[in-house]
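In the two assemblies presented below, subunit A is common to both, partnered first by subunit B and then by subunit C.
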Partner chain A sequence: GACRVSMSTAEIRAGFTAIKANIQSRDPVRSLSILSHPHPLNRVKSSDRCCITHHLLTFYVDKVFKHCTTEDSFLNRKISSIANSFLSARRKLGQCREQNNCECGEESTEKFKQILTNYEGLNVTSAAMKSLGELDILLDWMEKSR
Partner chain B sequence: GADVFLPPPQNISIISTNMKHFLTWSPVIVQGATVRYSVEFQGEYEREYANESWIPVSECSLTTATVCNLTEDISATVAYRLRVRAQLGATSSPWGTLKGFFNRATTSLTPPLLKVMADGYHLLVELADMGPAFQFRLLYWRKGQESRVQQQLVREVSSVLHLATMEAGAEYCVRAQARVEAIGRSSGFSPAQCVQAPGDTSLW
Partner chain C sequence: SGELYCSLPNPRNVRFESINMKNVLHWSSPEGTGNGVLYRVKYSVYGVGKWIRKPECRNINRTWCDLSSETSDYEEQYYASVKAFLNGMCSEWVETTRFNPLTDTKIDPPMVSVSSTDRSISIILAVPEKWKRSPEEESISLLQVYPGLQYNVSVLNKKTKKRWFFSISNNTLVVPWLEPGTAYCVSAQIHVTTPLLDSGFSKEHCIATLKDK
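What follows is the complex of A and B.
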């Protein structure tokens, strides 16, 4: 879409890389994917990317991060910086969406609904940890679609 | 002895330069005792989505220092609140909170450190590394031809950078500016540094 947010995925990726192994080791359901089931993100049409990215940032901010508090202070600090980066990026993207009127096509709306269905199919803590562990899938897709 | 009352730390301030952020405060003095301090931060996410929770900074938990490096934790361009308290044994002071919010977008940016060299006819530049968030803009020109300034963007500092091949005997000048895309700001320019190519410029 027209919105190219100068979101520093590099900073988010650095924060995520520092906790990825630990987070992914907490994922009890290996045979399922929240973001990639049944279709990968890169099927989303380029015209819909702005809208879907905004939806996904909102999904993580509203639903995922709040259920990811752990007993580990280092993890909590890194999750906090990722969550605050998502909040900042969503604000910029939201402003851009309004100016450019980026709307989601039908296919992409279906794709996002499927992600919510996958998420609600698990208990909330497992779903949140799995979604957090799939951040590299989201970051790869966001960087490729720049 | 009776529990001593610990006042909260005073003069709490943040020193932020080139995207490095340090919280500092005045020591709480208790005669004959070692007072320790603990620091916590709260981002916009915690205020709006996590019940205004605070996150402890383990490197600055029960520290005797009166400074805390928050660079790794303040890694988003949102408003943060910061607080510190004193601790002596089982006694803790009330929290002392930084007045207002801190957003890394307000960090002060200094011009980059630059070294310009002539290696024969090659104009070379060395830039000091300022951290992963930094990119650089180099302006260079031949002295006397100030209207024909060339520009080069440097995304990552590695070793020495080859800017141009100089003409015999000519003098070339370079200035540099740092840029942080994550906050959308740039530093001022460094002073111009000039070097001369070997040989002379006399026409033949």
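What follows is the complex of A and C.
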């Protein structure tokens, strides 16, 4: 769509790579994914991408980062740095969405509902930690759909 | 078979080693066990969770198992697990960390070909292919997997030992204004910015510019 996500995914990825093994080791549930099953993000139509990206940024800001505080200050610093990048990207994308009236097609609405259903299938802390552990899935999709 | 006691020490350092998305599971034998240990392997797709046995790696005595075919969809992520058996005893299943082929593979250096005139060198680079099941299968260049891929190229004047570095996006480079009749050595590296992946540098390819006419 007309809106571009201005966010340094390379910087976020570097931060996530530093904590990935630790975060993913806190998620013992192999049989559930928040973002990639049953419907992978890659099936989202390009016209819907702007809307679902904004939904996902909001999802991470409102439902993930705030529930991912750990006992490890290094992890917490990395998580809050990633959260700040998401906050600013969401603000810019939100402004652009309003100006360009980004369409929210049925498919992306359905896809996002599935993500919320997956999230609500676990208790909040587990769901948030699992979502955080899937950040590379989100970044892979965002970079591919540029 | 009789009841197995899972008191055998676990396999150690169970991990994927991946080059150009040829994804091979490796591990070390359990501590204190000599020869005769056999292993079984299973894997699962993250988010699906069903463990699938790998028949070709059932009761093997080697400490690796090629799971490239099973993990070839690089839009998925995977776990694999290994169990050891010896003299009627077994270990626990030991799992890898979550494996993401897209970010966790290593990339080979590019293939380099060079040609020269009297005052310039032309360099053509080729990206390695993604692993494929058989020669007949359609080739996928890693350029398709990592569209933002770039190259770092080093050119060394063998006489003066002066070296230049270039960062380029397309796969050809012409280096002009060189000295005739001089040997130059070229080496190149692949650089993917995100996810951050760098190949090693290729071995040097040396060529001499033609002598002055």
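One rule holds in what follows: the second predicted complex is superposed on the first by the 146 of 146 C-alpha atoms of A that agree within 3 Å, B and C clash if a C-alpha of one lies under 4 Å from a C-alpha of the other, contacts with A are read in each partner's own complex, and residues count from 1 in each chain.
One rule holds for everything that comes next: a residue touches a chain if its C-beta (ideal position, glycine included) is under 8 Å from a C-beta of that chain, and two chains touch if they have at least 3 such contacts.
Note that this is a predicted model, so its numbers are computed, not measured.
Trainee: Which partner does A:98 reach: the first (subunit B), the second (subunit C), both, or neither?
Mentor: neither
Trainee: Applying the document's definition of touch, where does A:136 land relative to subunit B and subunit C: first, second, both, or neither?
Mentor: Second partner only.
Trainee: Quick one: is A:25 in contact with subunit B, with subunit C, with both, or with neither? Answer first, second, both or neither.
Mentor: Second partner only, subunit C.
Trainee: For A:10 in the superposed arrangement: first (subunit B), second (subunit C), both or neither?
Mentor: Touch partners of A:10: subunit B and subunit C.
Trainee: For A:81 in the superposed arrangement: first (subunit B), second (subunit C), both or neither?
Mentor: In the superposition, A:81 touches subunit B alone.
Trainee: Regarding the shared-chain residue A:73, is it in contact with subunit B (first), subunit C (second), both, or neither?
Mentor: Once the two structures are laid over each other on A, A:73 reaches subunit B alone.
Trainee: After superposition on the shared chain, which partner residues are touched by A:107: those of subunit B (first), subunit C (second), both, or neither?
Mentor: neither
Trainee: Where on subunit A do the contacts with subunit B and the contacts with subunit C coincide?
Mentor: Common to the two interfaces on subunit A: residues 10, 14.
Trainee: Which residues of subunit B touch subunit A once you look at their complex with the stated criterion?
Mentor: Against subunit A, the touching part of subunit B is residues 41, 43-46, 48-50, 55-58, 72-78, 80, 132-133, 181-182, 184.
Trainee: Which residues, counting only subunit C, touch subunit A once they are in their complex?
Mentor: So the residues of subunit C in touch with subunit A come to 44, 46-50, 75-77, 79, 97-98, 100, 102-103, 148, 193-196.
Trainee: Which part of subunit A faces subunit C closely enough to touch in the complex?
Mentor: Touching subunit C: residues 9-10, 13-14, 17, 21, 24-25, 29-33, 36-37, 40, 42, 133, 136-137, 139-140, 143 of subunit A.
Trainee: Touching subunit B in the complex: which residues of subunit A?
Mentor: Going by the criterion above, the answer is residues 6, 8, 10-11, 14-15, 61-62, 65-66, 69, 73-74, 76-77, 80-81, 83-88.
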